[in-house]
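Next come two complexes built around chain A: one with chain B, the other with chain C.
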Partner chain A sequence: MSATTSTTPPNIYPDLYNFPPFFTRQPNTTTFAAQLHAWSTFILTYCRHHRLFTLELSTALDSDLFHNKALNRRLKPADAVEVLEAMRKDGLVEWVDGATRSTVLVYWRKPAEWAEVLYRWVESVGQKGSVLTLWELVNGEMTEGEEFHGMHPMVLQSVLAVMVKRGQAQTIGTEIDEMGVKFF
Partner chain B sequence: MQKGVGLGALTRNTKASQIYASHGERIQKAHLEELATQLNVFQAVLQEFARRHAKDIRSNPTFRAEFAQMCSAIGVDPLTSSSSKKGSFWAEMLGTSMNDFYFELAVRVVELCRATREGNGGLIAVAEVRDRIMKKDERTGGSSNISEDDILRAVESLKPLGSGFSVIAIGRRQMIRSVPKELNTDQSTVLEVIQVLGFVTPSMLRANLTWDRARVQTALEDLLSDSLVWVDDQADENEYWSPTFISQGLQP
Partner chain C sequence: MLARVSLTAANRPELLPDESLLFVQPNVGLYEGKNKLPNHQNGFAYLTTHRAAYVDNAQPRKYSVAVELKDVDRVEPYAGFLKSSPKITLHLKVNATGSASSTNTSNIPSTPSPTPPQTVTWICPICSFSNPLPSNHVPGLSEAPSCLTCGIKPSPSILTAALNAPPPPPSSSTCPRCTFHNHPSLSSCEICGASLISTAALLETSKIPSNLPPPQPQPPVSQIIKFSFRGGGHGSFLTHLRSALIQRKWLLHSAPPIPRPPPPLPNPPSHASAGIAGLESTISARRNTAIQTLGSGAFEDIDSLRAHGKDLIALAESFKARFNSTPGDGDTVSSSLARSASDITQHLNLISKDQLPSGDEAGWIDELSRQVADFLLTNKILQREGGVMTLIDVFAVLNRARAGIDLISPSDLKKAVDRFSALKLPVRCKKMKSGLVVVRDAGRTEEVVARQVREWLGWDMGVTVRDAAEKFGWSLGVAQEELEEAERRGWVCREVGIEGVRFWGNRFLWRRGEEEEEGAGEG
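Entry: the complex of A and B
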């Protein structure tokens, strides 16, 4: 939705996106390393642009992320998993469901960076000392238009964990739906 | 007519040839001196020209290329002359800016070749190097005006360092080879064919080069293992693409 607000959308597709072999897993190790790196960068750019905090593999495989309809080329499911697995090792994504591998959380900002973004917001709106529910924080009206608006609860938890460690926040409650947070 | 039949003719002949020789030398010497004077005059004119147009030489690539050509025509190498002896022609004319320009450019070419080597096997079109460097400058707010000729000169300036960078022609394109490994004839031939469409298939190669199946396969596998081509296995027949075409906005 937020993608429609910008007047001239930046070109988020790399040159490689229009290069048919980009969608074939390269047999040569060196070339594959370059290919992996390019995919990783592209996935992060794509998710940041569309503000996607999660990527569901089956949906993504049919979206223009992994499927270039103009070229009639697509990344095979196994190859996509290999790319995401490589990104997981770099701490850029995380499987929501370790064994089935159907969805990943995408960290186009690392939790530590998110913690800073969040804390800057807390300071700017004077929410220090007040208690907010997690739902309110990422889905409420007051954070509309903020970069972290719509953040996936699991990403939010990693972010809050960082802030707790830094002594910037304290979480209240255990059930994710009812959890609250207090900022210092 | 009869002449010089007696013994005296022998000495006469020797004498004559001595005269001729010394005369020849004199002419040659005069000629050389004249040439040297001309060259000096020309260099002086060139210096004056360089002094007056220093700014254009630095900022205008076409001008720079033509000026460099003019220099090399009279045996002045813009890149080596100012480093070989101090206070030389170029250093006096343009400060060190001309040198710095090419050496800085050379550094950027090296960086770019290194950064893209994984994806292109160390073979990149001169035109692509130029475009990428200029695009990067645009992104960082600066504007640079660099020609392909500048890139070639920059690569040339790396030679004394034994850098292993060379410029080779593949078909009509000039490419920078940043890996010292040489291409074998079959590899070069296939790369040349690839320049036509951006890719080849084994059957295209068999039909156009009348190679047998094994030779085609070997050449393609060699190119794959040197990272010089990428394979696309989603067409009817495997297509082997040159990464040179990545940045060219292919038409589907």
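Entry: the complex of A and C
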């Protein structure tokens, strides 16, 4: 953690991160609600900072997110799942695999917000009317440095679904690798 | 004559140094003379070696009185008849009362005893007997007395009429009641016995001898006190009362101590006042007094043992003080148990089941409840335990203090602590979430305790159950419960680590600012 903290601005770690009870599931309901809220805020801040669109539970449990190496405290897997499940109910994350619950998509912006970000970009670079492949959109050279660069395809799909509904885009093709999109 | 009684925290009479409790009887009323004393009609009668006391159930602090047994001339039982409860009448000594009233109620001028009270009479409508109205009768407030002859209660209108009747004519020779013309020197009517001295005449006579203020219209001090045993139990009370009157324990207080052999001549202090020799001589002198106390016949017969009891206790106390002078971690229940063995030497005011009428389970439990409260408070046992004790510890300490005689059964103790709040005692019994029953000060609500815990924890300190137990003097079980209670209230939160559970101030729910505002923060 020491290496990470020196390179990243410390403000992504909340005060509570250095508070040992933060890593224990609180039995008191009121306290637990506050704890869940603190975790959910922290997870979103963390993912935004590290531009993580997905969180794989097994790796995340060993990362700084769920493991405070300085304090030698970690969140138990079951408790982490409980936190993520609570976030899912708020629409902040989504299980990629509902049954096994090993990976989540993290919506540190909601799909509707992403749609706006994407549309603003399309307008600013004059790509209206042109057809782009999905791969090109999130991994191509021209979107480098944009907030949505590297977006997980599943997140992108739900963003595009919002845009299609709004009449701002139309998807072409069915296979996820070969899909294209046209913006209006 | 009826002196007020000072009560302990648990509303039992406070006993004098040599006084001990003999008997307790619930459901007792009090009479002064022939009339019921208002507000003294439902309470406990406590018989001690020195006093017979009445403690009211409803307002014990206000209406609790006692009669000194040394003022009692004779005792007269009354077995009761039909609806009339059994009573015990205490006839008080006249001269003793005079001295008692001069000490107890010194500011009230004693009324001249030969003058009979100015009485108002009412005529019974049934049998036309003229009854005297009790002197302490207040119209509309106190209960109307029944006719002395036929037992019928008069209607209020008759009483008001009697009260408002014109005062007797000034000519004192004519009886105001039966109009018989008496000889002027008579003070009461020859025919009907009514008082012939009018109020005016009474005032005049009192003015003539001295400049004393005129006698107040207050009721004259009656010489008769009756205990009415509505719930029975007068038999045992009478037995104990009679034996107390025969034993006259109150005389012991002023009795001279039993003579003892003169102490050996002290060593000349000139050569033994300094250095190791001085210390040694002091120690040996102290040892000598100890040996004297033990050896000088203290164990020879029971009377001298009693007489030496105080010296023995003082000796034991001094030993205890010496042992305790080495500081230790003296705040565990086990050490409290050890200490409670010495508590027996203190004045415990213990009650046993024999001191209550047999078969009166509720009265026994109530009295036991008061005693447990007294025991925990007066000996500061509860305070030593941080204000909270588990019922099991209370049971152990209590029965230890009883020194193995007349022990309290667990079920009786449980019933007794359950009565704490009903009897408005300053201790409370609480069942924790886990089922653990604790006894604590009434002032120490969960709120107060949780606040204390929180203020102690401050902003960034984690504590284990053991730390809390040490800090507040609780036993481990109590500490666990109190912390979990504070957690349930959201004051603290927990951290489960490898070392076990630690409790922290709840930073999830408070912000640092709030904490500092309240001045409780440490970090």
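Heads up, the rule we're going with is that the second predicted complex is superposed on the first by the 175 of 184 C-alpha atoms of A that agree within 3 Å, B and C clash if a C-alpha of one lies under 4 Å from a C-alpha of the other, contacts with A are read in each partner's own complex, and residues count from 1 in each chain.
In this section, contacts are C-beta pairs under 8 Å (C-beta built on N, C-alpha and C of every residue); 3 or more make two chains touch, one makes a residue touch a chain.
Computed from a predicted model, the values in this text were never measured in an experiment.
*Asks:* Determine, for the superposed arrangement built on chain A, whether chain B and chain C clash or fit.
*Replies:* Clash.
*Asks:* More residues of chain A are touched by which partner: chain B or chain C?
*Replies:* Looking at chain B versus chain C, the one contacting more residues of chain A is B.
*Asks:* By the touch definition at the top of the document, which applies to A:21: first (chain B), second (chain C), both, or neither?
*Replies:* After superposing on A, A:21 lies in contact with both chain B and chain C.
*Asks:* Quick check for you: in the superposed arrangement, does A:70 touch first (chain B), second (chain C), both or neither?
*Replies:* After superposing on A, A:70 lies in contact with chain B but is clear of chain C.
*Asks:* Using the superposition on chain A described above, determine whether A:91 touches chain B (first), chain C (second), both, or neither.
*Replies:* Neither partner.
*Asks:* Using the touch definition from the top, say if A:173 reaches chain B (first), chain C (second), both or neither.
*Replies:* After superposition on chain A, A:173 lies in contact with neither partner.
*Asks:* When the two structures are overlaid on chain A, which partner does A:140 contact: first (chain B), second (chain C), both, or neither?
*Replies:* In the superposed model, A:140 contacts neither chain B nor chain C.
*Asks:* In the combined picture, which part of chain B sits where chain C already is, 59-67, 77-85, 95-103 or 185-193?
*Replies:* The superposed arrangement places chain B into chain C at 185-193.
*Asks:* So which bits of chain A does chain B touch that chain C touches too?
*Replies:* Shared contact residues on chain A (touching chain B in one complex, chain C in the other): 15-16, 19-21, 23-24, 26-28, 30-31, 34-35, 38, 73.
*Asks:* Which chain C residues qualify as touching chain A in the complex?
*Replies:* Contacts found on chain C: 460, 462, 487-488, 490, 493-497, 502, 504, 506-509, 512.
*Asks:* In the complex, go through chain B and note every residue touching chain A.
*Replies:* Against chain A, chain B makes touches at 118-119, 121, 199, 224-225, 227, 230-235, 239, 241, 243, 245-247, 249-250, 252.
*Asks:* Once bound in the complex, which stretches of chain A touch chain C?
*Replies:* Where chain A meets chain C, its residues are 15-16, 19-21, 23-24, 26-28, 30-31, 34-35, 38, 73.
*Asks:* Mind listing the chain A positions that touch chain B in their complex?
*Replies:* 15-16, 18-24, 26-28, 30-31, 33-35, 37-38, 70-74
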